[in-house]
């Protein structure tokens, strides 16, 4: 079994305790209090962190010292038999994402286009942008990044399934896997690395692919001339170095990304998991603050990276007068492949 | 050509009667597991007068008459057990009146759920009726006559309780108006303040008369409907959860369901909760009430609300098209269920029985219980799917259902839309004086025993 | 299972639950299966047919004229396929009905009307038993020339070539194509029946012969693109000919005309009239072409397009499909499809029912007369409406 690779000393000597001090959901008065609670976690003792963590992934980004506070919290929770979300919800996710041989693989050669286990991604990965890889789709639980179980503090599921998912891609004979789901890329890079799991193919982040394709088709781009608020997903916290790609892509297609309070490191969760883990009051509050913040920027669109965020927030942003759209669809709009305002 | 056939043609015309092998074969069965039995004629009347004449003819010739809607009870209630005439009522499908202010509709006896739904949607969007999850082809009269349930049942009771008046052709041929329409032009009350004569026809499964017109309560159709889905893996908590939910008095419909397939549903009990409102604020308020009512189960991690985004469209449908899909799980075109009406506190025992029977008879189950009248009782369905090309599987399903009915009776429940064998089991267990009362009513109403014979056979 | 008869999809037939969703459109407003609507017995509904076919496969019922009538009253409108709630097999419903009809053909147990249709096609090459030499007469005065390497073949089909209503429609389309400078030719007396109805009625041998001859002729003449008048022809050219080696680019005339109007190649003047559009089953449900006819109508200044309650995917058939245009097994009773449909059109208060299929044109024109609606409702092809807008 794979084990989390982390260093107690790194936490013990941490001068900032940013992982907890910056936390948006648990308050700590001072460095020593936050640091003290983290050290309890480190030592395997009970801590309020284990009870209050909302599983937003943010501490993975806040920690600049290469340790993995969030994975550790999740490991400790599981060791203690704790459930973050209700037990039936946790088990439902485990069952729902179980490999059952109901996967779909297209004409895969050296590249695969990973649609994770999210049907909507199959529709996104089409058109001129994906013309050379659209037929190389891999979809299903067999190709799903199991990162979602981190929310439920079931790292054992990840350790058990991730090597199988990687092996399934290897069996396809791929050299590159283009990940349409942000979280897949985060899993194949950040999580795999944290657990010492070897990934014998090159994971390609879809926004890298998107940017490069859009640059190739630069002549065809008709700048959209719109303003869009960006909903950054939790999984992007695992790969913060990729966050700037959003602005680069939007710049290229003439979309203004206005500054707002809940952006970058201060971004807010879409609320879907919060609802299960922390209840509706927190989820409603977070969504309300997040959406009002978007509205205040005068944005016309709310642009998504993660289809789960999009599913969770689409109806709500629409009610606030913003048009929900995935960043790939925005690119398709700029190429004239898709009508404006249509999801 | 026989004299009876000639007489029938005289009443309904050539296109209204058939005795060809094709129609006789089709109308001899329903989609359930019971053995078919051929009718002698299939007749499709268009008017009450035609129905009356057919009944008079049947009396004269002493031939059975089996009224039929869409024949989807699945328990063989329209199988002509003793031959005779199957009366396909579906050509009597007019919507006769909607009184928007008094919130009722009057429709002919073969009007389907789907047609009334579409009509209200187009002409009275502020009104709705209680739509069962049966296909839209099923008829309003048949559903009321077998004490059906649908959306709004949690709020307002069985569909039979929503009846506001009847026009019935009695087994002896008299046309009888029941309730307020017997006194005047309005169809607002089935009985009160008079003796409630509608009870002579509701629950009798077509053995005491033929409903040719029915008045039905309509309800406000709020602008927004929404749904939440609560799950728990502790069956013992279900009665308490339901008690807390019904205490709120805000839910349109509550269904508790569990099934082993697909895998994501395995091991959990799901409670689908529907609520309505005219504003977003009303919806948000009701949602908060629901969540707050169940907070303790979330705190203990025993239960929680799952995301409904991906299922919402399916859950919001009326009727829910996906329900029929269970019939194809064993790639075989059929399912049947026993649906006892029972008290909610027995949910855990019934749930255990479903799983036990499915294992014992090696059949696939799905179960869904619907709350009735604010939790006074529930309909607990014990459904088993089968492959129509596998007679052995169909027999196993039949045995499993028989055992489910016996269990329900042991538990003090009442089998819903019982087949003729289950009716016998009920009558055997019934209070003897109540049975005697049934006999008195039945024998007086249908002295020749021509109405759907084989069902509610009080004299055998 | 061992069956008394054989059809390709025999192993699916028992999976029908006969729940009846197939009888309805998606909002359940009325029965949307024309044969069930007309006859009123469950046996005439798609589910009823499925159950009877199973009984017939199992030899529980025999081939009979009544069984054949039940099968041949199906108008192949595809409503059932779209409304059935069983996604794993619903696509095969029309195939199962057709395969059963093919078995009845093989057994010689078909209605006389169907037999006569096959005979007329086999002997005369058209159902009207008219001389082949008259096939291209409709085109006189349209400006269309015989096909000699033009970009498109304009294929009129049997109804467009011989039926009076169909000819009118063909002429109006032909004239528009010609006036707009579209490079299109016709086969005239060399044109042969496309075989669409022959296939749906189950004469697979005759269909294959017709299709192969057409494919041979098209290829010999170097035809690559075809514009059809009749959506039935469009369907068979698109879906069945490729299986026999005939790959062509096929368009319905409304697609071409919509393009011409968009490109302003047909000048339109004001024609103030309220129009409702009847979707032909073979254009709409069978080939998902809903937009172009409506785009044309909306582009005509003054035309107010109003939809019938049942439209697009939920449109109610005119009753002419599945060979019923020729065999008339559905009949002309009060609940026959054409009459029901024109009453629905009347309810929109439109003055014109626009059609895009010569069979629909004829069926609905006849129904307008039967319903006594001649003074309030006129049935016109899309191109005929354009002509009026040009003439003004």
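Each chain carries a letter (A, B and C) given by its place in the written order, and its residues are counted from 1.
Basically, contacts are C-beta pairs under 8 Å (C-beta built on N, C-alpha and C of every residue); 3 or more make two chains touch, one makes a residue touch a chain.
These figures come from a predicted structure and were not determined experimentally.
Novice: Draw the chains as points, connect those that touch, then say whether the picture is a line, ring, star, complete or other.
Specialist: line
Novice: Compute per-chain Cα centres, compare each with the mean of all protein Cα atoms, and return the closest chain.
Specialist: The most central chain, going by mean C-alpha position, is B.
Novice: So, comparing C-alpha centroids, which chain is the farthest one from subunit B?
Specialist: It is A whose centre lies farthest from that of subunit B.
Novice: Any idea how many Å lie between the Cα centroids of subunit B and subunit C?
Specialist: 40
Novice: Taking the mean of the CA coordinates per chain, how far is subunit A from subunit B in Å?
Specialist: 47
Novice: In whole angstrom, what separates the CA-based centres of subunit A and subunit C?
Specialist: It comes to 51 Å between the two C-alpha centres.
Novice: Spell out the part of subunit C that touches subunit B in their complex, as residue ranges.
Specialist: Listed in rising order, the residues are 1, 14-21, 23-24, 27-30, 39-43, 48, 51-52, 55, 60-62, 64, 66-67, 70, 85-89, 309, 333.
Novice: Help me check something: in the complex, which residues belonging to subunit B touch subunit A?
Specialist: Contact set of subunit B toward subunit A: 231-233, 263-268, 280, 287-288, 291, 295, 297-298, 301-307, 309-310.
Novice: Could you pull out which subunit B residues touch subunit C in their complex?
Specialist: Residue positions touching the partner: 15, 18, 20-23, 25-27, 31, 42, 44, 70-72, 88, 90-91, 112-115, 117-119, 121-122, 135-138, 321-322, 324-325, 327-328, 331-335, 387-389.
Novice: Of all residues in subunit A, which touch subunit B in the complex?
Specialist: Touching subunit B from subunit A are residues 83, 85-89, 91-92, 95-96, 98, 100, 272, 275-276, 279-280, 311-312, 319.
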